[in-house]
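Chain nomenclature is as follows: A, B, C and D, assigned in order of appearance, with residue numbering initiated at 1 for each chain independently.
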Amino acid sequence: QDKPQLAFVVNAASDFWKLAEAGVKKAQAELPGYDLQFRYPAQGTAALQNALMDDLVAAGADAIMISSADPKNSIDAFNRIAGQVPLFTTDSDAPASKRIAYLGSSNTLAGVQAGEIAVAAMPDGGKCMGFVGFLGADNAMERIAGFRKAVEGSGIELVDVRGDDVDFARARSNVDDVLAANPDINCMVGFYSYNPPKIYEALQAAGKLGAIKVIAFDEDPITLGAVREGSFAGTVVQDPYQWGYQGMHLMAKYLDGDKSGIPADGLIIVPTKVIDKANVDAFEKELKERIGG
Amino acid sequence: MHKKDFGLAVLIIVVGAAVYLQNPLFLSPINLGNTANLIGLFGLFAIGQGFVIMTGGIDLSVGSMVALLGVLFVDMVGKFGVPWPVAILAILAIGTLLGLAHGLLITRLRMQPFVVTLCGLLIYRGLARGYTGEATAGFPFGASYPALEWLTIGRSFGVPHSFFAMILVGIVCWFVLHRSVFGRHLQAVGKNEDAARYSGIRTGLVITAAYVICAALTAVAAVYFAMFTRSVQPSSHGNFYELYAIAAAVLGGFSLRGGEGSIIGVILGAVLLQELQNLVNLLGIPSSLNFAVMGAVILAGVLADQQFNLYRAKRRAAAALDIQDTKIAPSSRQKSEIGGYI
Amino acid sequence: MHKKDFGLAVLIIVVGAAVYLQNPLFLSPINLGNTANLIGLFGLFAIGQGFVIMTGGIDLSVGSMVALLGVLFVDMVGKFGVPWPVAILAILAIGTLLGLAHGLLITRLRMQPFVVTLCGLLIYRGLARGYTGEATAGFPFGASYPALEWLTIGRSFGVPHSFFAMILVGIVCWFVLHRSVFGRHLQAVGKNEDAARYSGIRTGLVITAAYVICAALTAVAAVYFAMFTRSVQPSSHGNFYELYAIAAAVLGGFSLRGGEGSIIGVILGAVLLQELQNLVNLLGIPSSLNFAVMGAVILAGVLADQQFNLYRAKRRAAAALDIQDTKIAPSSRQKSEIGGYI
Amino acid sequence: MTTNEDRKRPLLVLENISKAYSGAVALSNVSMTVMAGEVLALIGENGAGKSTLMKILGGVIPPSSGQIVIDNVRYDRLSVTESQSVGFAFVHQELNVFDNLDVAANMFLGREKRAGFLRLLDVEAMRAAAEPLLRRVGATFRPDTPVAELALAERQLLEIAKALSIQARLIIMDEPTSSLTLSETKTLMNVIAGLKADGIAVIYISHRLSEIEECADRVFALRDGKAAGELDKPEITHDAMIRIMIGRDLNSLYKPPARPPGEPILTLRDIRTSAKPLALVEFDVLDGEILGVAGLVGAGRTELAEAIFGITAILEGTIMLKGKPFRASCPHDAIAAGIYLVPEDRKRSGLVLESAICENICLADLDAVSYNGLVSQRLVKARAEDQRTKLAIKTTDVMRNTAELSGGNQQKVVLGKWLSMRPALIIFDEPTRGIDVASKVEIYRLMRALTDAGVGVMMISSDMEEVIGVSDRIVVLREGEIAGSLLRPEFSEHNVLKLAVGAN
């Protein structure tokens, strides 16, 4: 246990983080002098995450990068940790805390990009229904706000967003119920990575694939398949692989005393990308390589 | 049909009528089909839970079991290319073994059902998450298993096959619980285990069988759920389902003290729970109020049912007074029944 | 100290020693302080749950209540600027009223505790989510309430005050449950409600009081939790806490049939649960296996304890026959105790 | 009729049976023989080990040592199934009916009749088969009645009928008549005679010695878990049985009151209860007298007592306690006023079986053994020890679980609970159900002491010997109404029955 320990703490178990984990693995190969850990909390609550960080510090971690489930309200916990070891945020930021830097994308910008896909796909406007896991989570609210901003004045309206608490069965039946109860909906937005696949399956079962425009987030295989097939208008992807990879290097350098990687505003933005029919194949290839490698 | 079941059925119809008046799409074939599908899925393992509750036990592990078996099934079929009938048999076998383990720990090693199945809840969920390394198990894009899909998510005449499966299981279980010798022994064991043993009933066997039935039906439900969601996220798939199952059974007239309950009741309980879920989406109630509506309707319904029964019992007693008929005993049974908390 | 409590204490020490050998940081003051804090938080409402379980009831609503009261407390203090002592009193009052409602629904309207508190679970969570519109309730940035913080998340001599609070509550409750007239009445009601009523105990009152105590302690815990997390996300805050509380009580020797259990036991149960959580993080076990480890340790521990007790009872009977000495004290209680499935 | 040949053929031999519970020895080295077709009465004081011996025969508990020989096959222990298959049937002392099932289902539990291709339950056949058995034991309820609706005595009849439904060679009846009245008991005597005629052996356990005199061929006595002697048919008399059972003679049941009856302690006028809303009741319980309340099963005696005690509602009428209006809306009120009830069903409402003896004794009056709301364990124990000595409760320690006591000793614990307090009136509902003769005499003496001290005593009993032997006055209930009352000179079985049944 004499190697310095670097920990990457995520907000909940999901496939999304598998990519970050791949990035961390890659970094581990390049940083043999460090012990890199990738940790999931037992449940996606800020309380458990903060307890997990306390335990990590107690167990000897030397630097932590965290994707907080609730950064706004974890500032004290962050400051407590940051008082003991260097702390970085990823995925969602807490600028008011004493964290060293943020590394990740901007959810608001991602929402705007999704809105732009919608505007391009429905020049005549439309009525959209959104689906998300936790309505109250920061990333959900930012994405929704970004989407709303982008479609303003375009005749497209986001009528409502339905939450499912990450229960896949409810995620699916929420889509089923909307199809049954709201025949006027002609566009759907899946804000969390598993929402688009559920939309896809529900539309497939109802025989409405293609009839309803779908805007997706993230890179679930079903989502990418649907984009390639043309059933989805497009998807906005983040780059968690880089978060893990760059994040570990950043922390290692920081511990070595090299602070050149930290910009003045403390924000290291990894841009989000729009994936549509045109670039989906290339994107998927890159993805496979990363996970495989 | 039991009197209790009748009250529940009335509640279901009243709620349904109220929703229909607000949004006639409630009775549209699509919506009925979707709801029937969910009823089928949840009904399957709620029936299983009924058997366990009948013995005075509880099975908290069903939600986790749905996740673990779901992950295994999807991986077997989607990743390892196991033919699906073989995979289903394997899942059933694993489920049965888990149920057997519960039963034996409870009857042989005399552990409390709550403790055993709480450990099951923790262990199975942990195994599911550990096995996949927190990744979602899913079928590859475009993968298609026509026969399996027909069986699980297919529909005939607009009725989902999961619903048919539940009805079929329900009928068999009705005979098992209400008409077979085993069912009678189950009721006796649930009421008074010692006395049942004195009567020569092999109580250990009967109780173990209840856990096996519960786990086996949960395994069936796990396959249906996995096919419905098409992918299984081990950390959240099936969360709280044990609560749904127990709630369906309790609403359906099962007593957690054991010895009481009917199959029709638990199915109606599952129907009510899904109707309430559906109602929220259909009436456009903010999903945040979902739970509140559900809770309020259940509370009001159970309360109304109970008060109505009390009133009827009183009326009956008064009637007995009128017609000068001492034979209609004003069932002082009422007294002990309603005194029976949990 | 009860025999059962002793077994649990041994389990806690054995697990602790094993963890310490793997990672000596387990006994570092920081780690002990952190764990003690969590023990305090969970212990508070686990003790409350103990009172309800003592009556043979169950309170499933505690997790949701922690969320609802947490949201209200944070908003009162952080948003509306209510002085914190007033806010705490208000939270306590609301908690007490909710407990009173549970108690009255159960004793007056004769509803099952499971149903009443299940509806509570749904309704309170729904209200919390609806009230905030799914948003997280938090204190404004930089807000600071020194006295409140000292009381809730402060430490003295490295020991968190939440732990002190739990110990204080534990001591009071120990007297209430094990030494007071009310405690005796509670136990009698839990074991045989009819006999208790025939002995002049006002059973309705006693049962209602148990629910009120449970809710009031949960309200206290809700304040502590809100101050610990500093923010309350209504959809996930306190999820599954009812299960933790019930598990702590059951591990601590409470029987879900009522009438049995000790305060020391439920506190030890809370300690064990937190120790297991801590262990996973400290030993660097993949967090995905968190639950599996927890379940396995509980299962193994309870099993070992039980088998040991059985062995001891057998030895004692053999001894009685040998020396033909009727003076050696009893416990054939064992028989019915271990036969007592939930 | 049993012939001499039959009597030479032992059906069952018990050899040196011992049984130890952890901490207590219930049986030591008991050897006993049962001949085919004989009625063997098993007697002994409470806690002598009778039920334990029978449980061993039923396979419910294993003996610690000793052997059981049946048809020349030796067993170290029997299982429940073995016990059934060698032809033993049971009427257990603690009734084991299932109140979620109906009468017929209870009767055939574990031996269900099946029919059809799927071997499902044949409910009709079971009901049909149950009907004549119920009639044979004199039961009036039907096979499809839910057991939840049966009164205690009816449940007992059901247990007897259930034992008859088994094609048994030996029927073991553990206090089958403890809650039966005279007429059902008579029916049972006939049934036993019939069984004997069919060559079926019966082991009959009872504390009602007159029944034993009537039906037994042989008496076997247990004392403190050891064999204490046997009596053959000609030697079976009341006094002889008492002598081998307790080792000394007993004086007569009845002791006259110290003074003539005085003012009424409890007065009931025009009472209607919600349980029997049609019946009007009025009577007095006088100072200094023991008031016996008799009636057939289901006459409403228990319900009347419960109404006074605040369990069932009183619709109209007035109750006066020592001249002051009194109305209890719950037992708490009644107890506060000094009215106590010793309930009929001690398992359900008399005792918290799973708690210590001393807890039960102090349960109703914890304030008296506590300081500032905190219970003093020392006072609790002292009070319990006091009652243990006064009532001769047979236990090694008052901290033991009440469930571990024999049935009769449990009843004494219920009595101890009330006697340790300050009663104005005690209603005894079947006070000596399952209590041995010696203790009965003790309890009667206690009742008399109570009346002499100015406490009102109302004794509901189905035991004719007891009603007639102990009461100073008897009121008889019929279908909830007072059918009449008798003074001591008019006491006779005939007179009581005449009132209880009505007409002739």
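The rule is short, and it goes like this: a contact is a pair of C-beta atoms (placed from the backbone, for glycine too) under 8 Å apart; a residue touches a chain by one contact, two chains touch by 3 or more.
What you see is a predicted model, and the numbers here were worked out from it, not measured in a lab.
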item	value
Greatest separation from chain C - chain, by CA centre	D
CA centroid of chain B to CA centroid of chain D, Å	43
Chain centre separation (chain B, chain C; CA means) in Å	28
Chain centre separation in whole Å, for chain C relative to chain A (CA means)	36
For chain B, residues contacting two or more additional chains	129, 133-134, 194, 234-235, 288, 336
Junction residues of chain D - those touching two or more other chains	none
Contacts with 2+ other chains: residues of chain A	13, 40, 43, 135, 163, 165
Inter-chain touch pairs (all)	A-B, A-C, B-C, B-D, C-D
In the complex, chain C residues that touch chain B	55-58, 60, 105-106, 109-116, 118-123, 125-127, 129-130, 133-134, 193-194, 207, 234-235, 243, 246-247, 250-251, 255-257, 286, 288-296, 298-299, 302-303, 306-307, 310, 338-342
Parts of chain B lying in touch with chain D, wherever the complex brings them together	175, 179-181, 184-185, 187-188, 190-192, 194-201, 259-260, 317, 320-321, 324, 326, 329-333, 336-337
Chain A to chain C touching residues, read off their complex	13, 37, 39-47, 50-52, 54-60, 69-70, 72-77, 96, 134-138, 141, 163, 165
Parts of chain B lying in touch with chain A, wherever the complex brings them together	23, 25, 28, 30-31, 34, 38, 41, 129, 133-136, 138, 140-142, 153, 225, 228-237, 239, 277-278, 281-282, 284, 287-288
Chain C partner contacts - residues on chain D that touch it in the complex	18, 20-25, 28, 64-65, 309, 311, 330-332, 334-336, 341, 343, 348-355, 359, 363-364, 366-367, 370, 373-375, 396-397, 399-401, 403-404, 417
